[in-house]
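Dropping the structures in below, format is structure tokens.
Across the two complexes that follow, chain A remains constant while its partner is chain B and subsequently chain C.
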Partner chain A sequence: MTGTISLPQGLSCPLPHAAIERVQLGHGSGGKLSAELLGDHFLPHFSNPVLDQLGDAAVLALGAGEVAISTDSFVVTPLEFPGGNIGALAVHGSLNDVAMMGAVPRYLTAGFIIEEGLPFAVLDRIVVAMAAAAAEAGVTIVTGDTKVVERGKADGLYINTTAIGTLERSFRPAPHRATVGDAILVTGPLASHGMAIMAVREGLAFEAEIESDSACVSPLVERLRAALGERVHVLRDPTRGGVASALNEIAETAGVGIELDEQALPIPGPVAAACEMLGLDPLYVANEGVVIVIVPEGVADQAIAALRAHPLGVGATRIGRICGAHPGMVTMRTGIGGTRVVNMLPGDQLPRIC
Partner chain B sequence: MTGTISLPQGLSCPLPHAAIERVQLGHGSGGKLSAELLGDHFLPHFSNPVLDQLGDAAVLALGAGEVAISTDSFVVTPLEFPGGNIGALAVHGSLNDVAMMGAVPRYLTAGFIIEEGLPFAVLDRIVVAMAAAAAEAGVTIVTGDTKVVERGKADGLYINTTAIGTLERSFRPAPHRATVGDAILVTGPLASHGMAIMAVREGLAFEAEIESDSACVSPLVERLRAALGERVHVLRDPTRGGVASALNEIAETAGVGIELDEQALPIPGPVAAACEMLGLDPLYVANEGVVIVIVPEGVADQAIAALRAHPLGVGATRIGRICGAHPGMVTMRTGIGGTRVVNMLPGDQLPRIC
Partner chain C sequence: MKYLEEYRDPEIARALVGRIQRMATRRWALMEVCGGQTHTLVKQGLDELLGDAVEMIHGPGCPVCVTPLEQIDKALAIASRPEVIFTSFGDMLRVPGSECDLLAVRARGGNVRIVYSPLDALELAIAHPDREVVFFAVGFETTAPANAMAVWRARQLGVTNFSVLVSHVTVPPAMTALLSDPECRVQGFLAAGHVCAVMGWEEYLPIAATYRVPIVVTGFEPLDLLEGIAMAVAQLEEGRAEVENQYVRSVRREGTLPARELVDEVFELVDRKWRGIGEIPLSGLGLRPAFAAYDAERRFSLGHLQVNEPSECRAGAVLKGQIKPHQCGAFGTRCTPMSPLGAPMVSSEGACAAYFNYGRHRQAATVEG
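And then the complex of A and B:
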């Protein structure tokens, strides 16, 4: 779409700014404006041989083995936050879900529900971040869809992504494989994503800005696979609901107990301060670039060393163990020597975090 | 979730109706309420061995051949309309996209963005319709995701679906294969979906209610494949933007001209009346259970016979031809003997139709 209407020579009639700088309802009509939205704002960034065919569907050869597939809708508000935006997050989130199955992420689809009036400048930054995140992860965005809804609906932008990854028979971490005696590790500091979002929303100012940890964790998974193979029992990304919810699900699925050490939890100072200020428990706050890793205690140090060899995993550390006592339940040894139960949250701690 | 709070014997305290009959923000938190939303309102309807594992991702064996994959977000308003609802539409829409590549649809993912306050009664009807549509198409919903956004954001419900279908080498219809001399068919009456939605929105009352044609068209594709194989040059579902937009895209992609016969277009009487009343051109109105089929003229009658043997295709008919004149352009012989150009729409005819 150009910024001027053709007129007899010597005259010019710039379109009103609102008409050219923001998404309009017509961009979702399936007509010429839709084609322009695609051609001007998506294809230049996402271009690849599969997507560029623009068929009703993308055609892929996935090979004879099994694949892992995961879908996620992202409704985070605000759209842009320290350490990332909804676009990068939508790529990382779905890729991480297939990585947690032990798969190597390969392909991604993207569906955009755009609010009328979203500035193209914002959309472009988000699309560029998505493209960069996909490229960094070595993943191709093979097909997509755009819809436009009226002003006031959709908070600017919602994004759905579906990720496909390829699996090998010899590497199948799964929650039910958590075994009594296993060590529980995390690959880095906790609660950064959720608190980065909350700090922006609540207008909190700290000396050190809290940045989202949003990242594709595949390189960490690859290192664990190379170092330990089948001895990696469980991988889980503690997103919505945080470490507490993820561990409760693992305890229930595997029928084991889980003991955490409060003093071992890597909560960065500014994150801990923000949590305290807002009355939030960091164990329930979302992470978007951290993995819970469960391995036999005998190889835990080896796992930590493998993780620390990658920049994303320098903060890798032990936070607890799988135990035979209280199956299905997560408990925590507190800093003052007591023990408390870490429940699933009944309702909502932080809405619209991812 | 139960409808009462436990109190000492003899007392009872029913929860307010709003709390138990409608989706709450907490249902999107990733905690206990999220698990209940899933367990009470999705899993009972979608249950299958892959989905029931509830991992971070689903694991599938797709075979060694190629697959077609397509994603689509559905934002139709109203959520329920004559002939269907957003749930069935979200299944049909994505399955049809992979069917247009010649693929047999196999698997589906589903992402739900639910507005706080959506009555569970409505959600349940939509989920039941999705499950029925998937079952009828022989497709499994293998993984999904739910998010909840605040009241006023999302018009009740948005649904994203991603479909995966398996492809055979010997059946690859594609827009660029449209060839001068080919016949252009449609498999049934046009413009029913869009006008069913518009009639509800505008409160139009006709003697005969207009019903959406929303349907999975795979059985029609299967019959064409069996009857004609590689001689099926192009399949295309004329959804958003209607027949006019789909044919313009085909003309441009294949570098051919297209001639339509206005009098051959199968527009049902009530649909034509509604279009006239609202000043809409049925060629631009969305269809959700119709296919544009392009085959060599010599086998066109055979294709029509194959289509008419299935209930979805009884209205199959010829509407035009591929010509060498005016490449990239669609024209129409009008009822009064003239010829007019059928353009891509520049902007918006009907928003929020799918």
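And then the complex of A and C:
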């Protein structure tokens, strides 16, 4: 963590020494408790040469090329869910955003807004998960910040992360590069993250527990770069709003039409069942470890093979194509043989009455 | 997925579509009563597959759509009170009242929560004895048993801080009202399978006989709908007007007796106004006097509410099947799911929202353009 940490000497009021189980307002005071918060709960897990300088800012060497940078805030409830927690999600989310630009994620910043009363046991699990997620992705957390707010002013914990990645000139996927005739792939099963959260939030129990797919997808991007280079036209992580919203944005940006094949959509059985029960459409449900990949049809099989060579991409499959008809619109061939438009939603999906 | 994929088989669907097209000697006008059926028809593109054989007229069976504006305004007024936790099924939250919707009330500080069952609302009341928990009891006969159960349980457990704002409606009086309208074009009905799972189908016998219309109790999956349509077309071609049951895996002639008995114990028939259609005698359910203590309208003095229906909204004509949603002048321009003028644009079961979300108008524009 950056920020000057000077331990005030000669405090007149004795600090409580009983084991503190929960974050208190004093942990945000800048005083001794703040130093303990950093020293006991963050630094041991995040430690690296840049962070350990504890200067006012991190100093980085990024090479001569361009960098991609992206920031995202995470406010998910519950903080812990099957398949992950807010910490791992905060790492994956921002790293995936720079990976979608074709960048190799290198560094991460992390800001924490902690609500007074958050159990340290929970905070520790979240920080450990963040550290593990960053280590697995090969990135270092180089600077950060913590604030503690009064009970009721936040929902346990909010995390903001910013990811920095380095770019190569020859690998620049972008939505406007979607071209008529391209194939649309996804790297794995859809809608798991959103339904995992929904199931916990609503106390719904299904036969098989649904786990979030939260993961850093840069290994998949790296394989695509190695196999296809600049023939990778578009990479997109369909997070909030799901595949439907991401594809609508691509269709709009590139001025092309998109045709999906409903029967090709990889929706896991328990996820499909949960969606049916709640009246939700999995196309609009969030994913946190899946990439939409758009490549020329001629290399689609090669892309699928490259993706399937990595554990995260074993479910890679083709779901549709870019077409010249109906620019800006996403349509879908339904399982039964009809067609329909797949629109953007006005807001959250609302569960139906019956 | 077991019990779903069997009813979405494309080959059987094609065979059924072929059978309907071969049978039909003219274009028949059928009404699917339930919004869930409308949703499947439009989402799966079945109306398009049926081509010239059958015109599907979308019926009034969307509980969100027909809940009268007064009841929405009462919900908004109750939900705005500081002592209240207002609970509702999800898709009621965006239905426009005269001035705003429940989501706006929540944004202003009202405690509005989505529940999946009225019994969850009762649990909330038990957990928050210092608050008044109100459940918005809307829907057809389908949701009536669970809503009745919540009230019945509240009385059994002696929970006093729980009440329901009731706006229940029933299907048969609405079908009768539609058929009595001289402009009615409906030649046959697909009755709502879930409603009949509770109520059975005996109450449709006099309607079929009086108005000489085939009524086929039909499920909600694509093959259910196609089979129901095939059965209705067969009746029309043969000059029969009977009540038939396509949805045999869920519906028995007498329905589900314990559910009917519970509904009958808690609710009684009342006159009810339907949004866009008007008042239909004895078409709603209200709490019986024995359960009046759980009536939110009695518990909260709401005074006189002045309701303002947007004059441009033609929801009534849509709900009566007189126009298709995109034939309304405001459709897709001044009325969208983002800023709906009327309730059918809100719920995913509303015909207007189904047309908008699954892009019937945009497809039409592409073809024409």
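The criterion applied here is as follows: the second predicted complex is superposed on the first by the 330 of 354 C-alpha atoms of A that agree within 3 Å, B and C clash if a C-alpha of one lies under 4 Å from a C-alpha of the other, contacts with A are read in each partner's own complex, and residues count from 1 in each chain.
Note that a contact is a pair of C-beta atoms (placed from the backbone, for glycine too) under 8 Å apart; a residue touches a chain by one contact, two chains touch by 3 or more.
Note that the structure is predicted; figures quoted are calculated from it, not measured.
A.B. asks: In the superposed model, does chain B or chain C contact more residues of chain A?
C.D. replies: Higher number of touched chain A residues: B.
A.B. asks: Once the structures are superposed on A, label A:Thr331 by its partner contacts, choosing first (chain B), second (chain C), both or neither.
C.D. replies: A:Thr331: touches chain C, not chain B.
A.B. asks: For A:Ile86, decide between first (touching chain B), second (touching chain C), both and neither.
C.D. replies: A:Ile86 contacts neither chain B nor chain C.
A.B. asks: Scan A:Gly26 for contacts with chain B and chain C and give back first, second, both or neither.
C.D. replies: In the superposed model, A:Gly26 contacts chain B only, not chain C.
A.B. asks: So in the superposed three-chain picture, is A:Gly269 touching just chain B, just chain C, both, or none of them (first/second/both/neither)?
C.D. replies: After superposition on chain A, A:Gly269 lies in contact with chain C alone.
A.B. asks: Using the touch definition from the top, say if A:Gly279 reaches chain B (first), chain C (second), both or neither.
C.D. replies: So A:Gly279 only meets chain C here.
A.B. asks: Is A:Ile69 touching anything from chain B or chain C once the two structures are fitted on A? First, second, both or neither.
C.D. replies: In the superposition, A:Ile69 contacts chain B only.
A.B. asks: In the superposed arrangement, which partner chain does A:Leu345 touch: chain B (first), chain C (second), both, or neither?
C.D. replies: A:Leu345 sits against chain B and chain C alike.
A.B. asks: Quick one: is A:Gly165 in contact with chain B, with chain C, with both, or with neither? Answer first, second, both or neither.
C.D. replies: Touch status of A:Gly165: first partner only.
A.B. asks: Name the residues of chain A shared by its contacts with chain B and its contacts with chain C.
C.D. replies: Touching chain B and chain C on chain A: residues 345-347, 350-352.
A.B. asks: With touch defined as at the start, can you tell me which chain A residues reach chain C in the complex?
C.D. replies: Interface residues on the chain A side: 202, 204, 263, 269, 272-273, 276, 278-279, 325-326, 329, 331, 334-343, 345-347, 350-354.
A.B. asks: List the residues on chain C that touch chain A in their complex, please.
C.D. replies: 1, 4, 8, 10, 13-14, 36, 42-46, 48-49, 63-64, 89-94, 114, 116, 138-140, 142-143, 194, 222, 336-338, 347-349, 356-360, 362-363, 366
A.B. asks: Under the touch definition given earlier, write down the residues of chain B that touch chain A in their complex.
C.D. replies: Listed in rising order, the residues are 24-26, 28-35, 55-75, 96-98, 100-101, 103, 107, 109-113, 142-145, 147-150, 152-155, 158, 160, 162-165, 167, 174-175, 236-237, 239-242, 245, 284, 286, 344-352.
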